[in-house]
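Scrolling down, you'll hit the structures one after another.
Common to both upcoming complexes is chain A, partnered first by chain B, then by chain C.
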Partner chain A sequence: MEKKLLKKDKLSGIVKKLAAEKTVYAPVKDEDNVLFKILEPGMEPLTSFANTKNAPKKVFFPHSELLMKYTRSPKGMVFAAMPADAEEFVLFGARPCDARSVALLDMLFDQEKWKDPYYIEKRKKGTVISLACVHPPYSTCFCTSVDGSPTSTQGADLMLTDLGENYLVEFLTPKGEALAPWFGEATAADAAAEAKKQAIAEQSAAEIKKKIPGRAIKPILDVSFEHPFWDTIAGKCLACGTCTYVCPTCHCFDISDEIKGDDGARIRNWDSCMFPLFTKETSGHNPRTSQKQRWRQRLMHKFKYYVDNFDAIACVGCGRCVMSCPVNIDIRKIVEDISKL
Partner chain B sequence: MQKPLQQIVAENPYVPMPVEVIKIITEVDSKDIKTFRLAFVNKEDEERFKYIPGQFAELSLFGKGESPIGIASSPTQKGYIEFTVQKAGVVTSALHEMEEGTLMGVRGPLGNSWPIEFLEGKNIVIVGGGFAFTTLRSLINYMIFEENRKRFGKITVVYGARSPGLLLYKDELEAWGKRGDIDLNVTVDKGDSTWKGREGFVPTVCKEVAPSKENAVTVICGPPIMIRFTLPVFFDLGFSKENIITSLEMRMKCGIGKCGRCNVGSKYVCKDGPVFSLAELDKLTKEY
Partner chain C sequence: MEKVEKKLREEAKKLLAEKKVDVIVGYEAGTLPLTATPVFITTPEEADKLVWNSFCQHNLAKYVHDLISAHKDSQKRLKPEDRKRKVVGVVTKGCTSRSLVIHLQERQYERMDTAILGVPCTGYVDRKKLAAKLGGEEILEGSLDGANLKIKTASGEKTIALKEVLADNCLTCRINNPVISDSMMGEPAPPMDFASEYAGVDEFEKLSPEERWAYFEKEMAKCIRCAACRQACPSCYCRTCFAEQSMPQWVGISEDPSDTQAFQFMRMYHMVGRCVDCGSCVSVCPMGVDLRKFLKKLDKDCFVLFSQRAGEKIDFPAPLQDQRMDDKEEFIYSPGGGH
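Up next, the complex of A and B:
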C-alpha cells in the first residue's frame, strides 16, 4: 500500500480536475448545511468541514432508483428496458464513519446467495476518497464505540489525513491506486509522516469522550425482547423517520410502480421501519402496530440482528440521528440504558 | 446495447420472468379465489425456475406491483406453474380481472421449502385450513407422484373449509379420495343440502383421526385460529415441536432479504423461511 504526501493547497485543484473527467460527489456548502453534491464547474469542494448533513449512502443506494422500465403490449404490460449502467464516479470527502457504512452495506447487498445488482454496479464504478477526522467534529460522535475510529480506513479506497502542511495520502485499494496519476504532485511519505499520522489517530480517538457499550449489549438484547424497558423509549417518538433517512447504514426500501400512458417504471425508494405501514399486510394485520415495536426493531436491527447475521454493528457512530431527531431521542442513551438492564 | 431479457433475468433477481396466463380456474363459490396457471414465455426461464413445494414467488404485474404467493403446483407438473390467489389488495385484485392469454411476470422461486429430505421415509400428516392449502397441495401432489410415492410413508390429510363451496381443488380432492394410498379427511364447518362428507372443525377432526406420532411429521398451514386450536391436539398426540412444520406470512417487497420488512428477529421470512418447525419458531421472537 503506497503512501504519499500532498501539499494541502493542491487538494481542491485535484478534486476539480477529477470532476472535469468524471462525476465527483463532494461536500459543498448549501445554505447552512454541507451536503454531498455532484461537483459542477464553479463549485468549490470543501476540504475542511465537520460532516455533511446527509450520509453519502445515496451515491450507491439512491433515495429513488429506477429498477426497470416496461411498456404496454397487446397482451399486457411487458418488460421494456433496464436503466443505463452506472458510469465511473468518485465520492470525495467521506468521513471515516461514512466510508465504513459502505463496507457495512456491502455485507447485505453483496451477499453470496442474493446479490443486489444495482448497488453492486455502483460500488464497482465508485471510488471512495475519505478524509480522516483529525479532531472528531461533533460532541455526538461515537464511532469508537461501534468498532470504528476517526481514522478508520474501512470502506475507503483512498484516505487523506491532514498532517498540518500536508495530507498523508494512503492508496488503500486498486481503485484508490488508479487515482495515483491525479496525485502526481505528491511526494513519497517518510517515516516521520507515518508517525505523525499515528499520533493523530491516537489523539483523535482519545478526544471522543462519549463511550457506549455498542458490542456489550448484544447478549442483553438476546434475552430482552419482551423487557418492559421497550415501553419507555418510544413515548415521544413522532415516527417521522428522520433518523432512518439521515442514517448512513439504514437501507430498508419499498418497491413501487409508476405508470404514465403506455409506459411505466418500477422504482425503489428508501423506506423506514419507523412507519406504521412498513409492515402492514393487505389483510390489515400488522406485526408491529406500536411505535415501541418499531423502535425495538430499529435498535435490534442495528445492535443484534446485524451482529447475528454479519458479526457487525449496523451503526457507525456518526451521530446524525442524535442531532436530527426533532424530539431529542438519543440512541447513545438507549444503548447505555440497555446495558444496565 | 440491451442484453437479452433471459440474460438480465439470470443476473438480476428483481427482474421478473415473463409468463403467460394460460388458464384461470375459479376455485370457490364466492369467486374471490382463483388459480392462475402460468407458462413461461422463454423456455430457459422454465429451466431456471426449479422449485420445491413450500417455496413462493413474487407475482409481478407491471403498473400495479408485486405480491408474494406460495406456489400451488408441484414441480412434478411440467410446462406450467400455478398460484391460487385470493382477491385482496391492489395486485391480487388486478390479477383477478385478468383474462387467459395475458402476459405478466414471476420472480422466484423464493424462500426455503417444505423440508423434503427430512420428510422422506416418514409418515406425513398434512393439516390445512381454508385458503392456506395451496403449498400443502403442492406437497401432496409431489409426494403422490408415481416416482416419489415410495420415498414417503403413510400420508394422512386433514383439510377443512368453512363450507363445501369454499373447498379448493375439488376435482383433485375427489381423485385423491379414490386413491388407496392417502388417508384423506375433508371436512367443512357446516355442510349444505348436497354435502355428504364430514362436518366439524379441523382440530376436532385431527383428534378423531388421531394420527400416530411414530416416525411422523405434521405439516400444518391455516388461519391463526385453526393453528391455535390444532397444535394442542398434536402435542397431546405426542408430536414433538421438531416434527411440526408450518409456514409464515409477512409483508414483503424484495423477497431476497434486502428490503428489511419481513424479519422475525434475525431471520427473514422471505429468505430464511417461510417454512419453520415449531422448534425453530420457539427460538424466534413472537413478532409476526
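Up next, the complex of A and C:
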C-alpha cells in the first residue's frame, strides 16, 4: 500500500480537476448546512468541516431509484427492467465513520447468496476518498464504541490525514491506486510522517470521551424482546423519519409503483422504521402497530440482528441521529439504559 | 423563570397527588446542552424533572391529542358505564393553548379531558439561528444567564444575547400567554413585538409570482420527506395522512420534486385558520426548510379576509367551520366575472 505526502493547499484543486472529468460528490456549504452534493463548476469542496448533515449513503443507495418501467399494450404488459449501469464517480470527503458505513452496507447488499445489482454496480464504479478525523468533530461522536475509530480505513479506497502542512495520502485499494495520477504532485511519505499519523490516530481516539456499551448489550437484547423497557422510549417520539434518513447505515426500503395512464414505473425508496406505514402489509395488517414496536425494531436491527447476521453493529457512531432528533431521543442513552437492564 | 418552574413543579405534584390528572406532559432538560425535551410525568416524585426555560420549544398540544385519542381507542370496546376518563395535564404556553383551542373547536376531546398548566412565555431559542451565530461550532457547555446565553465551544467562551437567537415566530408573537388555562404559573409575560408580525410576509408579497415560486422551489428542494413537520404539528392529527394513502395515491413517496412540492402544498392548505405559528414544523426540520414564510401568508390572509386568528377564541367557531353572509369571496376564481 503506497503512501504519499501532499501539500495541503493542493487538495482542493485536485478535487476540482477530478470533478471536471467525472462526477464527484463532495461536502459543500449549502446555506446553513454542509451537504454532500455533486460538485459543479464554481463550487468549493470543503476540506475542513465537522461532518455533513446528510450521510453519503445516497450515492450508493439513492433515496429514490428506478428499478423497472412497464406499459400496458393491446398485446399485454411490456416490462423493461432498468439497467443498473452506473458511471464512474468519486465520493470525496467522507469521514471514517461514513466510509465504514459503506463497508457495513456491503454486508447486506452484496452477500454471497443475495446480490443487489443496483447497489453493487455503484460500489464498483464509485471510489471513496475519506478524510480522517484529526480531532473528533463533535462531542456526540462515539465511533470507538461501535468498532470504529476516527482514523479507520474501513470502506475507504483512499484516506487523507491532515498532518499539519501536508496530507498523508494512503492508497488503500486498487480503486484508490487508480486515482494516483491525480495526486502526481504528492511526494513519497517518510517514516516520520507515518509516525505522526500514528500519534494523531491515538490522540484523536483518546479525545472521544463518550463510551457506550455497543457490543455488551447484545446478550441482553437476545433475551429482552418482551422487556417492559421498550414501553419507556417511544412516548415522545414524533414518528418522523429524521433519525433514519440522516443515518449512514439505515437501509430499509419500500417499493412503490407510480402509474400514469398506461405507463408505470417501479421505484425503490428509502423507508423508515419510524413511519406508521413501515411493514404494513397489503392486507392492511401490520405486525408492528405501535411506535414502541418500531423503536424496538430500530434498536434490535442495529445492535442485535445485524450482529447475528454479519457480526457487525449497524451503527457507526456518527451521532447524526443524536443531533438531529427533534425531541432529543438519544440512542447513546438508550444503549446505556439497556446495558443496565 | 425559576419562580415559574418552582410553581410548576408544585402544581404538578399537587395535581398528581390529588389524582386530578393521570399524566402531565411537560419539558425536562435534554441530553445536549441548552435543550429541553418533552417528558411525561405520572407520579408526584417525578415532577421535579419539569423545567421551564427558553429551550422549551415543542408545542405539547400534539401529545395531548395523541394521548387522549389512544386512550379513547382503548376504551372503545368497553360498555359506556365502564369507560374511564383520562385527564392529561399539559404545560401550556400561548401557542400551545391556541392548539388546544383548535382541538376543542374541532371536537377532538372535551375541555375536562385536560388540565392546563399555563406558563408565561418570552420565546424559545432557535437552534439553527444559534448554530449560525456560532459559525457551526458545536456547543460543548451552555447556560442561561439572565438575558444572555453563556456558551463554551472549542474556541472558547462566548456570550450571546438571548433576543438575537429567539425564533422568528417568538419575536413577533402576538399571543405569548395562554388563552385558556386552569392555573397560571406566575404573572403573564410582557408582550413581544407583534406589530411587525407580518413584516416578512409583506416583503414576500411584493415579489413577482416568478420570484415567489422560485423561492418555494428552492426551499422545497431541501426537503428529505422525513415528515417531521407533519408529525410535530398539533393540527396534523389525521389518522391517515393523504400522503400515506395508496388508493388513490395523492402524492408519490419518491424524491421527485413535484411530489415533495405537492405534499408540502397540500399540508399547508390544510392549515388555513389552523396554524398557530408555534414554529414546531420549522424547528424540527432537519434541513432548515422555511415553511413559515408560506404558513404565515395563510395566517395573514385568514386574518385579513375573515378577521380570525387560529385558536385565539374558544367560544368562536374556526374559520373553516363557519360561514357568514358577508364573507369575502373576491379571491374565488370566477371566469364569468362573478355570480
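Here, the second predicted complex is superposed on the first by the 334 of 341 C-alpha atoms of A that agree within 3 Å, B and C clash if a C-alpha of one lies under 4 Å from a C-alpha of the other, contacts with A are read in each partner's own complex, and residues count from 1 in each chain.
In the analysis below, contacts are C-beta pairs under 8 Å (C-beta built on N, C-alpha and C of every residue); 3 or more make two chains touch, one makes a residue touch a chain.
Being a predicted model, the structure only gives us computed values, none of them experimental.
Colleague: Would you mind checking whether chain B and chain C clash or fit side by side on chain A after the superposition?
Modeller: Taken together on chain A, chain C would fit alongside chain B, as the superposition shows.
Colleague: Going by the contact rule set out at the top, does A:C141 touch chain B (first), chain C (second), both, or neither?
Modeller: Touch status of A:C141: no partner.
Colleague: Rounding to a multiple of 10°, what is the angle at chain A's Cα centre between the Cα centres of chain B and chain C in the superposition?
Modeller: Superposed on A, the angle at chain A reads 90 degrees.
Colleague: Go through the superposed model and pick first if A:A239 touches only chain B, second if only chain C, both, or neither.
Modeller: A:A239: touches chain C, not chain B.
Colleague: Please indicate which partner A:R266 is in contact with in the superposed arrangement: first for chain B, second for chain C, both, or neither.
Modeller: first
Colleague: Where does A:A50 make contact in the superposed view: on chain B (first), on chain C (second), on both, or on neither?
Modeller: Once the two structures are laid over each other on A, A:A50 reaches chain C alone.
Colleague: Which holds for A:D254: it touches chain B only (first), chain C only (second), both, or neither?
Modeller: A:D254 contacts both chain B and chain C.
Colleague: Please indicate which partner A:N328 is in contact with in the superposed arrangement: first for chain B, second for chain C, both, or neither.
Modeller: second
Colleague: Quick one: minimum Cα-Cα distance, chain B versus chain C, in the superposed arrangement, integer Å.
Modeller: 7
Colleague: Under the contact rule defined above, give the chain A residues that sit at the interface with chain B and also at the interface with chain C.
Modeller: 254, 256
Colleague: Which residues of chain B touch chain A in the complex?
Modeller: 2-3, 5, 8, 11-16, 18, 20, 61-66, 88-89, 92, 98, 101-105, 249-251, 253-254, 256-266, 271, 285, 287-288
Colleague: For chain A, which residues count as touching chain C in their complex?
Modeller: Against chain C, chain A makes touches at 30-34, 50, 53-54, 62-64, 137-140, 235-236, 238-242, 245-246, 254, 256, 258, 267, 269, 272, 275-277, 322-324, 326-328, 330, 332-333.
Colleague: Under the stated contact criterion, what part of chain A meets chain B in this complex?
Modeller: For chain A paired with chain B, touching residues are 67-68, 70, 73, 75-79, 81-82, 108-109, 111, 113-118, 225, 251-257, 259, 264, 266, 268, 271, 273, 278-283, 287-288, 293, 297, 300-301, 304-305, 308-309.
Colleague: Show me the residue ranges of chain C that touch chain A in the complex, using the header's touch definition.
Modeller: It is residues 30-32, 35, 37-40, 58, 62-63, 128, 131-132, 136, 138, 140, 222, 224-228, 230-232, 244, 249, 252-256, 283-284, 286-288 of chain C that touch chain A.
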